[in-house]
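Next up is a structure, given as structure tokens.
A, B, C, D, E and F are the chain letters, set down in written order, and residue numbers restart from 1 in every chain.
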């Protein structure tokens, strides 16, 4: 069986750490480099419940999308849940490797997985990273077009169905901002919190922005500016993305459950990781995907 | 008729600017101090649609909760929607006054209005401000208790009903995190984005936290830590808020539509403001509350 | 008639915003992009008196050199004179566009206008900006030489006459630091506050530095160092700009009224702007230069 | 004869170093603590010419108002004029002590000396420092009133005469901003660069601000705001300092030569220092005041 | 047997975490709060060799003076020795608690232990902390006096003997700076790196400073200033600590092995900790002190 | 005789100031540029005792390695030893030039001198600086190899002998960390405080690091990580510098007296400087090397 060091080398070839955002510290978090890896378990969040299931499943290595130690720590004791998880992983000889913004940016990573399943073609990254050796374009998010324009409402239903089918939609559901009957064609997808990339999305000139965790102020500001620009363009003043006369408001917004949309990546990872390990080491680890919803919401009340 | 200066003096007696957070700049944003104020219109957000309605309603003064110029600006031209709004307000002689975190903290302000309508008694601020001259306790958020303990799910339905009744619930609805059948008694309420006050809420030891704009990571981290502490307490180790043996997870979370919960304040303001103006100047302005939902979401898809 | 957006596009072709210093935010400050522009008024400062005159003159657009909102603002109400000016501009449908450090650096901008009128030849910028597409060298300030060396006192009188003739010398007058009978040839000109560019001026090795707003300490330090270096060079020790044996003190200093020297730019702008608008849109706006002195000083008492 | 250490102890009792602004480092700059002090020379600036004169006058100690090493240095060699001055002082056994913002703030210091000679009564500091042991109020600048109101133009002429008489007015002269015939009564005086204290002056509500080195933008902004507030007050809206109905613009501005106004202090220091040394040590040093103008300007051209 | 939580509570009563420097994060680093604690092992540094010995000794809890995670970490995997230590501690169910600057400052902590064993009386902290509830004065370092003055060389030999006897002197030995025959009486002791506290030591006016890790520049600067001040005092000029005429150089310096001097604390801790645990829980854990030298040096070559 | 300016020009050709670290300010510190230079004295530190000896030796110029004014100063008076040294240098007409990190990095500078005398071949800088015009590779520190591998203990004895022979070993002696019988071949040398360059040394993969002023924590952390990596490599896991299977711990550490190792440079400088001055000016100054030990330690007690 390959040891953990060999498997980590494979993971960081598929999802290179240098793709990570400067504030992010993905990679190996817990684990003995010399331990054998027979079974790899995939899950969105390293919650306490997920740790239990991974251990129960006999995992030698848990691969999650979300970090356990996003903020650096001075202790890993039982004073907090993070130290308790480190202890349980160590005592059950289960390693933890995190593919966060590095996995977002990679080929067949988080961004591409969502964009593919939403049916986007002619994809390129929203925030490109220059890597001439990558097997395809890499960078945060994906921009693409629908083969045929769709009504915004219909596209939102497709997003719901796909996230629901492959990932795990929570009680929170999906929210839409915009005119539901307008035809949309170009789309930006950023699985995860999307508040901070509105400038890039606006510069891309897309019709719709699909992301998560949008809050009142960034979303309201974006749609107000989009509506103002559309009104000016309708009056013949070119402002924002679009030519004079083009009165379409853009981008519209689709807000998705954070962990659910990111989990779409595992559709690819459960195939790509064992294959790459086998290619590199001659032995293929077993893999399991824990489909558990890890967004925290259990009930939603709407009118 | 009182002039704008006199009305602003009254508003800033009810909702003193010194209560504002250090990063906030509420108060008078647009307006001629010498202009007469006959009609005051209240609304949650100064969106373009709200400006149109206020002007149409003949407003001399628009009072909103959310800022127009939250980030300082170097221009107020038609290059953006904010400058366009300034121009339309000026050309239609309608002033704009913002009661933001100063109104949150005040007596009969945003925090108290929500807490009162949710039925909380024995209230005190979550982040107290020391003002011996205030007519009651002041500060961000409110902590209080329910006269009788309720199941979490029942309390969430009460929150929905009240926000819906008095404010304006958007398509986004209300989300709940926690065990729906557990009895809850103490509650912290923070209308508006609540991610940044988890430390204060945890220190308060309440059973439920009602706020808005909760994102995946802060909410997940909070509930994971809450569940870990409850598990340790159940084993007899006092950790977090609660005594050894008390295995109740706290706080549970209720996520509400941002503008809707904040609009509950206007129930009080449409009474308090004209009365205080009349007391100060001898003349009572007319008041209007624009109930329009200004959260951006128009559709929600849930299972 | 061209609309404001079309005129702004022309102004920002003549005086590109990317030439501005990083701390500066010139460009359109007030105005409706769709409004027609028939008359453009030019003035150094957007003071309250200038606004009155521009409105009285029927301006659709006021072009000033100095900013109205140099420091970003959170409000544009009548609490301060800036908000009052915004209101009066909006209510009188007069836009405001500021050409500040971008206009300083441009071809036929503020620096070149002063250098040309002082008779400097072989000009190049003091702080060059790289723009291969510009019609000539661009950057802050201008360095040039006098066709014939002049006595410092005579050159100072030329500066006074030119500023007075074309611009508007205030009661403050012009001050000179140096030996009045020494012949000078090379000159650096920086219209506006010049304290911060002494290093660049010293590196340029010029005989005279013409600028504004020089304060006691920077000016005294500069002349003390210049005198020390000249004394050392006279002793055969090469120090500063000049070869061993060259005992000339450099640079001498000429302090000019701030707004007056900058106004020399309008000699060019009142020709260049209407011509460029006509070339771009087929219609030529009327132009007016308000020669009013806007430096604040009204009396000077000297011995 | 007292040694330098004993004299420094006396100087720092009269002008305590703890009164200095946080960015200022006054006190002993050059000198052997054990050297005897027979003659003390006073001058505004430690320029090269002043050093020559002090040495020629046989000074054991030079006391200046302006610093030699305001910015900290890594070398005191002949690469610059400052190191050359250090060397000449050391080789001629002349110490240097600087009384800068500590002397500004002291009783019978720079601020009080100017205020006294301008005829102000009922003085108190503009920026008070709390020192219960001081022989009178201490702090930066002085606020006072004229026994009888005077026309602004007449008061400016008094300022000129006093500065000229006791200090040394340079070619730069004195500039006035305001309505020359308006009666003024309350005055703030800040010898030295006054741009940064406009907020304190405005809060003090004085009629005139006498200071130095005022630049175009701070002075223009101040007078524009003052004029706007006066206009509003004239309309019955209380804004700024003054009651509704009071239409007087305030503060007007008087700009004075920097070194000249600060030199007024030596009128007091040449009496106070030798007397205090004698009281402390039993021996009275000789004192000399070098009246040389050290502002850099030698010629002014006005209309 | 008490669980880890109960023992930690006792440790943090003896050595309160609030005494720690602001840059320090001592306390519980690894461990399950519910695990029983039968045996506590003490050692200076949590090196890999110490971990092995502690595990071999059957430790449930290792108490060290030096931190394992001084700089916060984003991972505790086998990529580095720290993560490997965390894993081995977890897998062997051994907790780690660090008493660093909190233990330095406490009553019967690191500073007091060294000062007591060097024979100092009339002790008080070098950097006092205000804690009215402490059983004695607390704060970093200790100042005290020798009952009888000793020659510097003799006192250095006493320091060597005591450190050697009770702690573990490494090959590095002890270094002395000063006149070996001078009598010394007052002493400051700061176990650990002492470069940063020279100001406090100078203010204390002690004859000798005993600390560790002194580097060339801080030590040379300190002794140069001390010698200059002594020379001036000998000439009758009071400078530094000492009266005019007192020509003694102070402070002299004694540099000790870092881990060795700090280990003197365990003389007290192996008594105080089990006693306090017994008092609090009724059960007394076994204790072991690992005397191993953990300074890294194994050979010293001197003349 | 050449004047000081001419000699400084030569020194800064041999040891260019642009090689200095960004935090360092070497070069001319005291001196009259026009003074003749007949005798140059070299010493490690500008201590008070060294100044006395240099003056006694008739020095016109003292060249030291360590700075006098490392931290910038606001005064050079007798309040401190630095000002006293400036005064004595000025009054005795002795200049001071400092070759600090610029001399470390230069060809035949401090790093190369130590590396040559320790017998290293195939040298290159540890932190290279790009200077195509230099006569050889330049940069901080030197990496090289021993012609034949040696036991660590034997190499340490060679270091001691060389430092002792050419420089001046203080009482502090030399300390070694590592297995004394292991064969070492590649060496990094950084004369001066070496705590901050461990990352570069690790990246270089050398067997030994020779430097000064190593403190407990950096040294312990380095050797712990080195030992962990060696242990993992011995198990077949490639970690750190070395291939899988290579179980050698690296780097070992040799700690040397700071001023002594840096003084090895003067072996070269007393030849190179007079020769270069003669080549540039036709006249050869006399040179003296003051071999005095300037590390502060006078006694070491070891077992």
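The definition used in the following text is that a residue touches a chain if its C-beta (ideal position, glycine included) is under 8 Å from a C-beta of that chain, and two chains touch if they have at least 3 such contacts.
Keep in mind it's a predicted model, so treat the numbers as computed, not measured.
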Relative to subunit D, largest Cα-centroid distance belongs to chain A
Relative to subunit C, largest Cα-centroid distance belongs to chain E
Rounded to a multiple of 5 degrees, the Cα superposition angle from subunit B to subunit D is 120
Chain-centre distance (mean CA atoms) for subunit A and subunit B, in whole Å, is 32
Subunit A and subunit F have mean C-alpha positions lying a whole-number Å distance apart equal to 52
Note: subunit E sits from subunit A at a C-alpha centroid distance in Å of 49
Within subunit A, the set of residues that touch 2 or more other chains is 33-34, 70, 78-79, 84, 232, 239
Contact graph of the chains (line, ring, star, complete, other): other
Here the pairs of chains that touch are A-B, A-C, A-E, A-F, B-C, B-D, B-E, C-D, C-F, D-E, D-F, E-F
Note: in the complex, subunit D contacts subunit F through residues 4, 25, 27-34, 67, 69-79, 83-84, 86-87, 90-91, 93, 95-96
Listed in rising order, subunit D residues that touch subunit E in their complex are 3, 5, 33-34
Per the touch rule above, subunit C residues touching subunit F in the complex are 232, 235-239
Contacts from subunit B onto subunit A in the complex sit at residues 45, 47-48, 66, 70, 78-81, 84, 153, 156-157, 160, 164, 169, 171-178, 180, 193, 212-213, 215-217, 219-220, 223-225, 227-228, 232, 239, 253, 255, 257-259, 294-303
